[in-house]
Amino acid sequence: MTILLFYLVLGLLLLGGLFAYSLQGKPRLSLRVGFSFAVGSAVAGTVLGIIILLTGDTVYTGAGFASLPGMNRAFLIDPLAAFFILVISLVSLAVSIFSFGYAEEYIGRHNLGMLGLLYNVFLLAMVALVASGNTFFFLFFWELMSLASYGLVVYDHRDSHVRRAGFVYIVMTHIGTLFIFLAFLLLYQTAGSFDFEHMAQFGRQLPSGFKTGIFLLVTVGFGTKAGIIPLHIWLPKAHPAAPSNVSALMSGVMLKTAIYGFIRVVMDVLGGGSAWWGILILSLGTVSALLGVMYALMQHDIKELLAYHSVENIGIILMGLGAALIFQGYGLPVLAMIGLTAALFHVLNHALFKALLFMGAGAIHHATRTRDMEKMGGLLKLMPWTGFFFLVGSISIAALPPFNGFVSEWLTFQSLLVLGSAPLSLKLNILGPVFGGALALTGALAAACFVKAFGIQFLAQPRSTQAANAKEVPRSMLVGMGILAVLCLVLGIFPSSAIQLLNPVTLHLVGYGSIQALGGYAWLNPQIPLLPNLSYHTMIAPFVLFVVLALGALLVYRVVKRLGHGGTRIDETWNCGGTLSPKMEYTATSFAKPIRIIFRRILLPKRVVETEYALGFHFTRSLKYEGAVKPFFEDILYRPARNVFLKVSGKMRLLQSGSIHLYLGYLFITLVVLLIWAR
Amino acid sequence: MLAVGLTIFQMLFVLAFAPLLSGIINKIKAYFQSRRGPSVLQPYRDISKYLQKETVLSEHTSWIFRITPYVYFVAILVVTLTLPILTTFGVLSFTGDLFMVIYLFALARFFLALAGLDAGSAFGGMASSREMAVSAIAEPALMLPLFTMAIAAGTSNLSGMVEQMAHGGWPALTPAHLMTFVALFVVGIAETGRIPVDNPDTHLELTMIHEGMLLEYSGKQLALLTLGVHIKQLLIFALLANIFFPWGIASPATGFQVPTLLSATLAFAAKAIGLGVVMAVIETSMAKMRLFKVPDLLMGSFLLGLLGLISHVLLRG
Amino acid sequence: MFLGSSGVSPVVTLILAVCFLVLGARRLDTAIRLVVFQAILLALLTAILGLANGVGEMVFIAGLTLVIKAGLIPFILKKVVDRIGLSSETRSYVNRKMSFLIAGALVMVSYLATGQIAATQSAEGREILATAIAMLLIGLLVMMTRKLAVMQIVGFLIMENGLFLAGVGTTHGMPLVVELGIFLDMLIGVLVMGILTFRIQSSFGSINTEKLRNLRG
Amino acid sequence: MREMPLVLLALPVLTALLSVGAKNKKTLTQISLAGGGITAGLALWIAYTVFHFGPVSAGGRFIYIDSLSAFVMSLVAVVGLTAALYSVGYMGVEIAENAIPESRLKWFYFWFNIFLFTMFLVVMVANLGVMWVGIEATTLASALLVGFYDKKSALEAAWKYIILCTVGIIFALFGTIILYNAALPVIGEGSRSLDWFYLQEAARQLDPKLVKLAFIFVLVGYGTKVGLAPMHTWLPDAHSQAPSPVSAMLSGVLLNCALYGILRFHQITSHSLASGYSTRLLLIFGVLSIAVALPFIIIQHDLKRLLAYSSIEHMGIIVAAVGLGNRLALYGAFLHMLNHALAKPFLFFSAGNVTQHFHTKKIHKIKGAVLAMPISGTMLLLGAFAIAGAPPFNIFLSEFTIISAGFASGQYLPTSLMLVFITLIFPGMVYAATRVGLGVPPARIEKGEPSKWSATMALIPIIPLFVLGIYIPKSLDQVLQQVVSIFLGGN
């Protein structure tokens, strides 16, 4: 029964893609058909995910037509896969609804049939990827996902930046795939089977060197896709280049497939490893989170900013995972469960609010035709709903209560705190809180970044005529954003619903259900058996908090209304007596300046000031200021590597110099060498 | 029922005492500066004056500007309900989590910073920008000492931490304890917007941080925000005082008779005023720092906190 | 060099020596004449072997060799040379001394490569095999180092002669069908090469293959 | 009925002769299409018979077709037919644009069909000597096709092609003679001694030293023709200068025919020497070829040369897979042979359309092919991804099989090297294809396909590429299993 639902998901996406493509002559119809099928499939996927997570069952199919020996499961949907299907479906539901309105701007300019096809194939690949029961299917859909998303990134290929972004993306992702492939091959070689299920039986008994090799390979491989620093360089290029609905999917869910793959291999198949794996992942996560948010602060293209926040949030997810791996390495399943729950919950939360924010960015672009924050301003009055939803997303991503980001970050904090107090090693006891401090810094910087993002875009006066003429976007786009905004709040208030869904997942992976230790109530309550019995458990009650906040607000409002008797008057903003113009407003760049200066040793900012003088030194005619952050990793890592590669290739070209005598010489030498060496 | 009563009592105490504490600090500062200074009741008078005034809204602002005072005040108020100030036995103490408290402060700050940007004047923007930058680098320095205390107590629930401390869960006045306290105290200065990080008395546009964000507010909204700021200061003092020196606080172990409560109130008031005196001394004896020296200060505080953590872990063995 | 019982060995040695002579030839027509001479020697060898072993087929093949290799192919080559009106020097990348040295090394390589062939072979057969390999390599050497297109055809013919030597000397000839096919192929090959040489001459104004270096990378 | 294979051999020759006699373009086209269609149909029918009822022989064992021969023969038939179909559109445009005079067209078809005949000959004959004649004949026939455009560059390419391949092929003949020499004492005089079937049976009794020597010469000789590095140097020149349909034939099947020659010798050698002597050599040359192709693909300025180097890469993959030697690897190798034979002509077709339309083969001079030529441009882009090994296309499947087999057999180093090289080649292909395909075309370029026919031919082959990428039909699976069994077990 559930397997039929799964086929329905895939089938709808396939049909949607094909119909959309074949209707490309009628763009409007093609658009409607394509996204309607995606919506239908998303609904089915949501139901599928929830059913499997609630029952805790695993459904699978046989290998079917697959002919490779050692392949018995085509698809296998266990709770872990179902959870990711749920994440994909929830986000794609909202994004597909959003797309109805959003994609209209492409009518007449681009091939909408192609968009519909690639969009549906992209979704199909992601769903099928997480449901894959063997490594071949996994790689197949992994590459298909990359290819489809590449097609979507270069959708607007008239722009050369887009093409370059697409190229960097596809190359990086392909190199990442190489590592995954190698890891899978090592697994195949030892297990003699392509099936994850089968591998999982052997994985735990592998020699530790082997396991470490596989672990490192998948870390690099999936890390590239997930965008951990320093493998992230494609991410801030590709996400802004794609249409916004696609960016929402890429950032919201595609990155998560890498997390899925990592969990599948490292936690499910290998069953965890030594504790230093966890420390490595934790460190990588921390570096990504910190650098990601710092780079994000320096951007004034809204989509680049959001893209760097994906790097940050992947870092946070990895911090939870790293903690889980450490505990798993020490054989403490309950504690591992907390880290894992934090990571998975953050996967869901990040998917929701990041997709929401990217849709918001898309809506703004739709209305203003620009992504440059310096050109916006005052949009909240012109686009009240978009603004409201963007605010919800901003609060969520800044991890502020009572929204969902707070809860998963709280869980991450808890697992880091436990790292500080559990009897592991002194090193870890100190490292845990230090990483916690880094997470706190990340959170605070993220808040700063979203004050900037929301404040500069939506508040004060418009900074350009495009912004001044912006209009609210069509209803379908608002509905798409609204769904996710509501979910952000609901998961923030009722995190236990997510905990309940995650129960079979953690039970399967670390052998300890999340309900058991986190409680199935309206509050979260890590009952950690290692710690002394206290009169106060560590817990938060988001729902209670929300009620108190709401009642408090009502009360204060009522009371203040009664107090005093001054009226309200609308007047100008005080500006030292002058008239205020939008040019005087704080810009995104100036907003981030204190942070740029504080972290100058890390961010390596550079500035160019060109002054043109009229008469003497004191009479400036014009002043041009340019500031940028040095692309550190490109400069020290990627560009030199690329240059060496190209240079060596260029030298190799001399082999084919055009001289037939030389060519005959090759033949001659080959023969002589073979005659001597291989006789 | 008792818990509800205790919580309401604590809240009323905070509402009443917070402006007084500010008044007292100002008075002490004036004393050190050989001035007479305003009355200790001046903050009450200010607030009641603001309440009588007409509210002037900038034409450029949006609803964010209007709801910010409420969000700010309510967030601070909720912290008041959950924090162990006079007692650890509030009705909401069970959810009085360390992170919850810090992030509710962050929520308040988030909205205030947005409101600073909303009017479109450069002062508000500058203030928001600096506030977010300073608070961001203060965050790890704030968290690390609290982590140390939470690890020591075995919980991140503040009431739990206070109880553990009060009943000998952790030896007080050790080097680790003191280092951690000093580290947190330095952050407390930044969080309450005092010299050498910020100057609460100035409206000089180039040096202000906090005041810049309030620049456009008037009337009732200003009253709410001002009261909120007073309360926030008191809450930070409460964190400093109760986590490190919880003696005298009313808890299930001490019982909740009226004398106990009274002594708890007095003890807390004394601790808060004591901290206020120290603050006042620091404020009068130092000059405000350049903005970009602040990170060095906070870095120092972070390192101190780290030392505290390390010595705690080592001592525990 | 050891002398074989049937007097085959001296002929074989002579054939190899001709290769060295070609390497030393300064003029184009000398080189062509030497190749013709080599072909005649080969025909002779085939005939001797055929008569000695009583294989009539081989005598026929000897005749065919004489006709094609000493008659038809040189004829075509001459035609090409006349039509093009060559400057008659055999220009080379390596000087003659070096060529001899390399060729000597190649002969050693050939003996090395055939050194351990099992006892099913007569000593003579082994020598012929080694000589054949040496001829192949020397022919390739000529092709490699000589600049003119015609000299490449000459080198090719040396290789082809080596091949023929191997075919006749070690196995008493291939099956006839195969042998005929090979002859036909060689003929067509030389023809096609000739056609292309003409075309190159008319397009490039020269048959110096050094100029054929536009396709690279 | 039994002599059908002989008819098959006669058909292309007949078509060639008819072409020369044809009066005008239209009849020529009809002759070519009819001839190509019938030939392909008959070849596939014979192949079908072989797959289902076992080996077929004809002409008194002159012809002997087992599953391996039938497999390669089917490839020749299919690619030959598609190339003939594509030629109609391609040559039509060439004539319309006065690139060649109409009178040259019949010579094109004449040599085209002769070329086809020689390839059929190679795979069908039983005798290794005759097979050699066939392979040499393919060179001669195709050399004239390579030099078909009477341009300097085309002549240069043809010259290099013929010289290098003829030299190479002499070595192959030498190897054949040595093998014959080895077979004489075992099998005896006569043409049976060069019949691969008997040689395989008698393989264990052959003098191993001679067999080794023979294999070296054959490997270098036919390897030249296959395009194995470092003997590959003629290949990019010839492939880039030939007319696109011919490039498709060269790349799609000619290389496979030469490879077929190596495989036959490899079978004998591996039966004769148990030590894996030939597999090791094949593995080395295979991996070396992939490695050598890499830098040239990374910085390539010419679209068709790019595809030629890609052929070198893929031949390297197939040869290396045969060198890996286990059952799965061989399965992958033959699957890859099929996949490459389907994909490469397709790419040459679409690239041919694009270069024809833009009047240049230089990668940096072509831009916006997708917008300028909606079908050919898109297909070029897709084809490049397919050939670079991206799913859902078939190359991915076979490469996955081969690499997995390599790991399963424990040959980590060569397999990892292969994987790394293939991965690094990917950016090169994608860079070139996106450079050509994406963006806005220059204003001078007209929008639209110059020839509907050519466009269709660029479109249709994507279907098998895609289908085989996700699904291997049972029948194909059986065929491949059969070929592998034959290859491993003699019979």
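Every chain is named by a letter (A, B, C and D) in the order it is written, and numbering of its residues begins at 1.
What we mean here is this: a residue touches a chain if its C-beta (ideal position, glycine included) is under 8 Å from a C-beta of that chain, and two chains touch if they have at least 3 such contacts.
None of the values given here were measured: they were computed from a predicted structure.
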### Message
Applying the contact rule given earlier, which two chains have the most C-beta pairs between them?
### Response
A-B
### Query
When the C-alpha atoms of chain B and chain D are each averaged to a single point, how far apart are the two points in Å?
79
### Message
Please tell me the distance, in whole Å, between the geometric centres of chain A and chain D computed from their C-alpha atoms.
### Response
44
### Message
Taking the mean of the CA coordinates per chain, how far is chain C from chain D in Å?
### Response
31
### Message
Can you compute the centre-to-centre distance for chain B and chain C, using the mean CA position of each chain? Integer Å is fine.
### Response
100
### Interface hub residues of chain C, defined as touching at least two other chains
113, 116, 133, 140, 143, 209, 212, 214-215, 217
## Note on the structure
Among chain D residues, those touching two or more other chains are 159-160, 163, 167, 171, 209, 213, 236, 296, 299
### Chains that touch, pairwise
A-B, A-C, A-D, C-D
### Message
With touch defined as at the start, can you tell me which chain A residues reach chain D in the complex?
### Response
65, 67-69, 136, 139-141, 143-144, 146-147, 154, 157-158, 160, 163, 166-167, 170-171, 174-175, 177-178, 181-182, 185-186, 188-189, 192, 194, 645-646, 648-650, 652-653, 655-656, 660, 662-664, 666-667, 669-671, 674-675, 678-679
## Note on the structure
Per the touch rule above, chain C residues touching chain A in the complex are 93, 106, 109-110, 112-113, 115-116, 133, 137, 140-141, 143-145, 147, 209-210, 212-217
### Task
Please name which positions on chain D make contact with chain A in the complex.
159-160, 163-164, 167-168, 171, 209, 212-213, 216-217, 219-220, 224, 230-231, 233-234, 236, 277, 281, 292, 294-296, 298-299, 328, 370, 385, 390-392, 396, 400-401, 403-404, 407-408, 410, 415-416, 419-420, 423-424, 426-427, 430-431, 434, 438-440, 470-472, 477
### Interfacial residue positions of chain A with respect to chain B in the complex
377-378, 380-381, 387, 391, 395, 398-401, 406, 409-410, 413-414, 417, 420-421, 426, 429-430, 433-434, 436-438, 440-441, 443-445, 447-448, 450-452, 454-456, 458-461, 523, 531-532, 534-541, 544-545, 548-549, 552-553, 556-557, 560, 563-575, 580, 582, 584-586, 590-595, 597-598
### Residue ranges of chain A touching chain C (in the complex, touch as defined)
653, 656-661, 664-665, 667-668, 671-672, 675-676, 679
